[in-house]
Amino acid sequence: MLTLLPTLAAASFLVFLFIHLIPGDPAAILLGDAATPEAAAALSKELGLDEPLLKQYALWLGNVAQGDLGTSIFFQQPVLSVIGDGAETSILLAVMTMFWIIAFGVPVGVISAIRRGSWIDQISSGGAMLFASVPTFWLGLYLIHIFSVGLGWFPSSGFPSISDDGGLANLRYLLLPSLTLAAPNAALIIRLVRASMLDVSREDYVRTARAKGLHPARVAVRHVFRNALIAVAAAFGFTFAALVSEAVVTETVFSLPGIGRLVVQSILRRDYPVIQGVVLVVVVLYMAVNLLVDLAYASLDPRVSLN
Amino acid sequence: MPLLDVSELEISVHSTGGDIAVVKGVSFQVNKSGTIGIVGESGCGKSLTSLAIMGLLDGSQARTTGGTVRFEGTELLGLTMRERRKIMGNQMSMIFQEPMTSLNPVYRVGDQIAEALRQHRSLTRKAARERAIELLRMVRIPRPDERIDCFPHQLSGGQRQRVMVAIAIACEPKLLIADEPTTALDVTVQKEILGLLRDLQEQTGMAVVLISHDLGVVAETCDFVAIMYRGKIVETGRAEDVFSSVAHPYTRGLLNSIPPVDRDVEVLNEIPGRVPSIEQNVPGCSFHSRCTIAAGICREIDPEFSTVSGKHEVRCHFALGSNNRAE
Amino acid sequence: MTLLGSIGSAVFGRWLATTGLIWLALVAISAVAAPLIAPFDPLEINPIERLSEPAPPYLFGTDHFGRDTFSRAVYGARMASIIGCGSVLVALFAGGLCGMLSAYFPQLGHVLMRVVDVLMAFPALLLALVLMTLLERSVINTVIVIGIVYAATTARILYGMTLKLKGEVFVDAAICTGAGHSSVLLRHIFPNLISPLLVQASFVFAFSQLQAAALDFLGLGLPPEVPSWGNMLAEERIYITRAPWLLIFPGALIILTVFSLNLVGDAIRDAIDPRFRGDIAGV
Amino acid sequence: MKLFPKQKRNLLAFGAAIAMAGGAAADGTFRYATVGEPPSLDQHVVTSDLATTIAHHMFEGLYTFDSSNSPRPLLASGDSMSEDGKSITISLREGVLFHNGDEMTSTDVVASLRRWGEHGSRGGLLFANVDSVSASGDHEVTIQLSAPFGPWKNLLAFINGGPAIHPASVMEGSGKEPIAPQDYIGTGPYMFSEWVANRHVELVRFDGYVSPEGTPDGYAGQRSAEFDSLRFIPVPDVGTRVAGLKAGDYDYAESIPGDLYAELDADESVRTILNGSPIFGLVFMNSRHGPLMENFALRRAIQAALDKTAALHVAIGPEGLWRANGSFLPEGNVWYSENGTGQFSLGDPDSSRAIAEEAGYDGDPIKFMVSTNYPFHYDSAVVYTKQLAQAGFNIDLQVYDWATLIQKRAQPDQWDLFFTHHGFVPDPILISVMNDNYPGWWTTKEKADLKSRFTMSSDPAERQAIWSEIQGLIYEQVPTMKTGDVYTYNIASPALKGLGEATLIWPHFWNVSK
Amino acid sequence: MLRVCNLKTFFRIGAGLFGRKRITVKAVDDVSFEIGEGEVLGLVGESGSGKSTVGRTLTRLEKPTSGKAYFDGQDILKLSARQFRPVRRHVQMIFQDPYASLNPRLSVEATLAEPLRIHGLAGNRSEAREKIGRILERVGLEPEAMKKFPHEFSGGQRQRIGIARVMVLAPRLVIADEAVSALDSSIQAQILNLIGRLQRENNVSMLFISHDLGVVRYVCDRVAVMHRGRIVELGGKSRIFSRPEHEYTKALLGAVPRIPRFDYTGREK
């Protein structure tokens, strides 16, 4: 775990450097069009944005080490609370998306592997590939158009916190976004599950299982699927990264107050502390997910030992 | 009535040019507590034959296209999969070549043994475990009560093959098919496994079909042998008859090409050329292109079986005496 | 069987992949011969004809500038090809080289793969966003940014594959005959990576289309005046009800192209060395 | 495109009852879909229209505008001016409470005006002429001017970048940096509740509100908070704003593209509300650096090449939503003038070419910066670039995001032209081009003379005449080019009651209920 | 000719997710032997005995932990990669798996031309082609084979190509690592005879690594028996096979299955 720290530090420095190289002054954005450059420069100085970059980075790093991610220039609020609120949306979105991916992707992949070559397989494999070829924002726009505006079944956009009025029922706001986000990734999992199942089904131990006279369903589930899961688990880390990527677009389309949209807007208004904070959180999250994947891997495959 | 009666078995594989029969007219019988060795080089169809008997041929690549397989008088090829599964792993079981990959790496060996037991015997979990320990003891794995909770990767190759044997004999089968059971093992381990099989056979009276490329293994283990070449049995008989008076030039060539460990040889005999590929249609005797005694007739007519003595039969135009040879 | 032959038979063996290949050929032809095919200048503004429905002479209608959507779509094929080929070149060259060298020279790999790890830890689009804001919107920058994003993935994949190849007996055999590093890498390892690289190329090509469209959507991709399918969608997305053709046509073009690329990539993947089949992500 | 007729939609909605469980937001909450996050709501320093739309529900100034854009007292109760026009005494309404429960007194007003004067965005305009601000009683303040200054009341009434009144305790120690949300204490009918960054800004009814008297007229007159809370939700994607309002997720959505007007106007589930006061695009020219620096003829050549109507048509759409009006303030407004507007939209490439040649233009590239954050900027700029190219100009159109553009425009060597837009202002002194420090840096002697005459006068008729001269000068020296009036519109749920037919400058939701 | 002294090759394996707990595997543990000019030394042992590692260390595919290996009096384990390159020509290796040891993307000609080019043994292309044609003939392949790719050959033919690749350099020491164990018995005899013939014709020294005692008896002059990284017994072939001294050798010999009552028709020595 400690070996991940250098990666984290390198990533944060890279981002710090990049975003500060981007032209644009958060002070000018804050003050608005009518403000003069002089006024903006004065505010910039007040915010400490005229200090040398390395000094700013050192300061930031020092604060981070103490658990303080700084204050948003734009919101005048602690970055941690800004991200914290966005994280609720994004994590719930990710969890719901993962739910669809697993609930649809895995069974469909299993069925199309078992019925390899059948029309079910053809349709699900082809359909999976088609869904993976659709730009997320395009899909999202049409889902809103059909299911929210046209049919009025689901809310179109936004997401009131589940601690807000409505409680867990507010999750319905995330239904369309999570489906949008799940579509291409479920496709990925379907193909992966199918391919791994087929690979595993050629293994000698599957033949052994069949030779025991086991029912084909038992062979498929206990011997083929269980081992295919090992390869699938490894893909979840990858899927998570893809998910965060696509969440940026999905949250923008559905106007969700998540960290994906937050980071896009923060880049546009050059809210450096927020961008750095989000990147830090996302990278940590990514590493955490990968760690979880490794743990899952170890628990799925007794040949992998953690020590 | 023989325990297993294979008659005129034909197996075809699917290829772009249509189905090709890779096993043709294979017939043999195994009696209760008998041991037959099926010997041949890679690609001769011996493994396909064993898979066909067991019912493990995956229809997408190879399937039986003719002949009968009777087990205790029941025709197996006509059974539904459901009926077949009642026999598989129960009255008839199988062990395979690669002990490294034939056990599922994610389950403990005890569970894998118990799985076979619980499939065919209604045992409680506890009873199955006890039986599994007993089976591990039977296959001579030390400290079976500990090893039962090992994962396959924690065992050596020889021990894994013992576990495979334990799985195979779990339901006290009447027939055990062993497909190259010792090929991947060292000679010392091979000796132990073969000895184990022999002892188990004595204890339980099960019949064994041993598939091997190694004539030595078959000669030491089996009382009956069948030599296969390009999908056909070319020579068959009691082991002592076949090895003491080899009748088919292929069998002879094969025996002569193995460098013996107990004497020095100056020049090893070779069988010239190589096995024609299965796509190639060879008229006449399929061995004629490599045969040193082949004559015109061999290129045109595929020889039928002729009896050498007793049950010793051979498919060769010139097998029945040197005076027939075209030397 | 030669490499091309095996790919050819893999693709033509399936009608769907064949259809995909035909579609990609059409896109390629449009890209090359755009000025000959497009009836109008894709940039020509015509306020009077703005938001016309699809009808001759405007096959796909016109946008809010009064520009011919069909002509823009044809030129969009050119942009799609440039983005795709460019990203593939950057990703495969930078990533491929990095992955190959890292696997072959473990000390170098120790450093390089850490860099790749850092890049991989960033969600692709986030990295692209930061870089695009930094570099200003242009075709070449979009290509570089998308290329870099997939260079990391490619490096990872090639790293794994090269490691496998490095353990192959024929590499040992080459070393035993006295082959030096460059000879082992170029003559023995690289040729065996060509077909998996080809598959990877088709997937990077496909991903680059979606990624470029997403960047366009967020207003951080190609310069807005460039007629690309993503820009067409992004600029006209408010007309989903007012002028549905402005979203349906470019959307369908992207989907068809990416779908075709995935189909063809998948077909090639099934034809290649099974050793590497599991390594390549793709769809 | 409507997929289902209304009744059927209801049935389907009923069928999907599970999905609808929880229903719409609680009664009494008003949901407003904004174009994005507002920056700080501190009205002194921030000039964002969005910030003002939210903030003028909680912050109030001494004056405000009625529907004819004339200043009327809000927190003030009356005023008087000395003979020489240099001393202004403003009396305050008594008993007005801040959201923290304290009563507003002259101390608070003086502290607020001082901070605004020193750090406020538009404070400098007034305070350049102010000697002192002092409390002349518990409910009276006196402003001492160095010279008579005509637009003082308009400046005090314009809340955007203007003098909102805060408690003195908040004003102490606050500088250029916007005050933090926890210090959002004002006197308005709604008070600050929470700002969940990225999610929403919420205001709640202020029960201790003391309203001014009189019939509501524009922003003046009686104010009453009908909703429990106002919630401003950022919905940056315009398609989502429209879809969300149609789907009933929002009560009000701002800044809708002109092209959707006809469709939305005809839609019974949507009510369209025009802004009464137009915004207008401006193309600034660089007076400090580059080929356009002092070459007024070349600038006029550029002006002559442009046909603004074509750009408005492309950028805005339906003709009712824009007017090719050359006057900086719209027709009907007291500041309306036709001086110089003959040059507004010539669209004459030939004469442009001739003038440019005479002015010595040799085909040097002219850098034109525009941002894509505002589609109408970009669309117009694309049309202009075409027109200028036709007239022989070599235009280098540089497309940036807004943040980059505002930084670049502060550097004189980076640009020659840039596109921005301007909100409606009730007094021309507030137009950015009047500010010498605004990028473009128009500081000719002619301007300086006219500007000082303009501010010194307090006579409305005289001031209007001088403004007309200034407008003429703008068309002659071309520090900036107006691109035409744009009547933006918002959409609202038909259930809202009390909304006027049109918005004055920023929409307001006191006296509005549902 | 080759003198190996106290050769040790250890591997460190294992690196856990959380820590770096490593185990050292002593694959080759203090092995010494000599091979004379034109002599064939057999190295027998079971899987994991370290016999292959000995071969791989001598061809520098593995790094030795310690020990020396003198080839013509020069310690070849000490040489730098550059210094070792000319020696490589004389120390060649035949691999077990003929399927894997040929680069599938190279034609036979390209495969065989490579060693010639590297060691500057052919002035030009036609000279190389001529040499390749000759060597192919010697290993029993048609000259047309030159243009073909590995997948067009059977296992035995591929091993002939592998042998040709080695013999084209006219090496003085050949290390054959399980050179025939992947082949069917009828093909195995062909390849064994080929190797034997080439060895005698060129008077090549050979380290013949195999698990098959029969094969070793047929090919070798002297035999070393390896067990768990060490040589447990080394001696002349007839002595080892007729009077094994070490228990392990005895067990090994005793485990080989034999065919009783078979009248062997080959010429016995």
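Every chain is named by a letter (A, B, C, D and E) in the order it is written, and numbering of its residues begins at 1.
Methods note: a contact is a pair of C-beta atoms (placed from the backbone, for glycine too) under 8 Å apart; a residue touches a chain by one contact, two chains touch by 3 or more.
Just so we're clear, the structure is a prediction, and the values are computed from it rather than from any experiment.
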Chains touching both subunit A and subunit D, listed by label: C
Chain located farthest away, centre of subunit B as origin (C-alpha): D
Selected pair, greater C-beta contact count between A-C and C-D: A-C
Subunit B-subunit E separation of Cα centroids, rounded to whole Å: 32
Gap in Å, rounded to a whole number, between the CA centres of subunit E and subunit D: 87
Where subunit A and subunit B are represented by their mean Cα positions, the distance between them in whole Å: 54
Contacts with two or more other chains, residues of subunit B listed in rising order: none
Touching two or more other chains - residue numbers and ranges from subunit D: 1, 237, 239, 373, 401, 404
Residue list for subunit E, restricted to those that touch at least two other chains: none
Parts of subunit E lying in touch with subunit C, wherever the complex brings them together: 56, 59, 61, 85, 88-89, 92-93, 95-97, 100-106, 114-115, 118-119, 151, 162, 165, 169
Residues of subunit B touching subunit A in the complex: 54, 56, 81, 84-90, 93-94, 96, 98, 101-106, 115-116, 119-120, 151, 153, 164, 167
Complex contact set, residues of subunit B against subunit E: 41-42, 157, 186-188, 190-191, 194, 213-217, 219-221, 240, 243-244, 246, 252-272, 274
Footprint of subunit C on subunit A - complex, ascending: 6-7, 10-11, 14-15, 18-19, 21-22, 126, 128-130, 132-138, 141-142, 145, 184, 187-188, 191, 195-196, 199, 231, 238, 241-242, 244-246, 248-249, 252, 263-264, 267-268, 275, 279, 282-283, 286-287
Subunit A-facing residues of subunit D, complex: 1-4, 9-10, 12-13, 16, 19-22, 25-26, 33, 36-37, 39-40, 45-48, 51, 121-122, 161, 175-178, 180-181, 195-200, 233-237, 239-241, 243-244, 246-249, 373, 401-404, 406-410, 420-422, 432, 435, 437-439
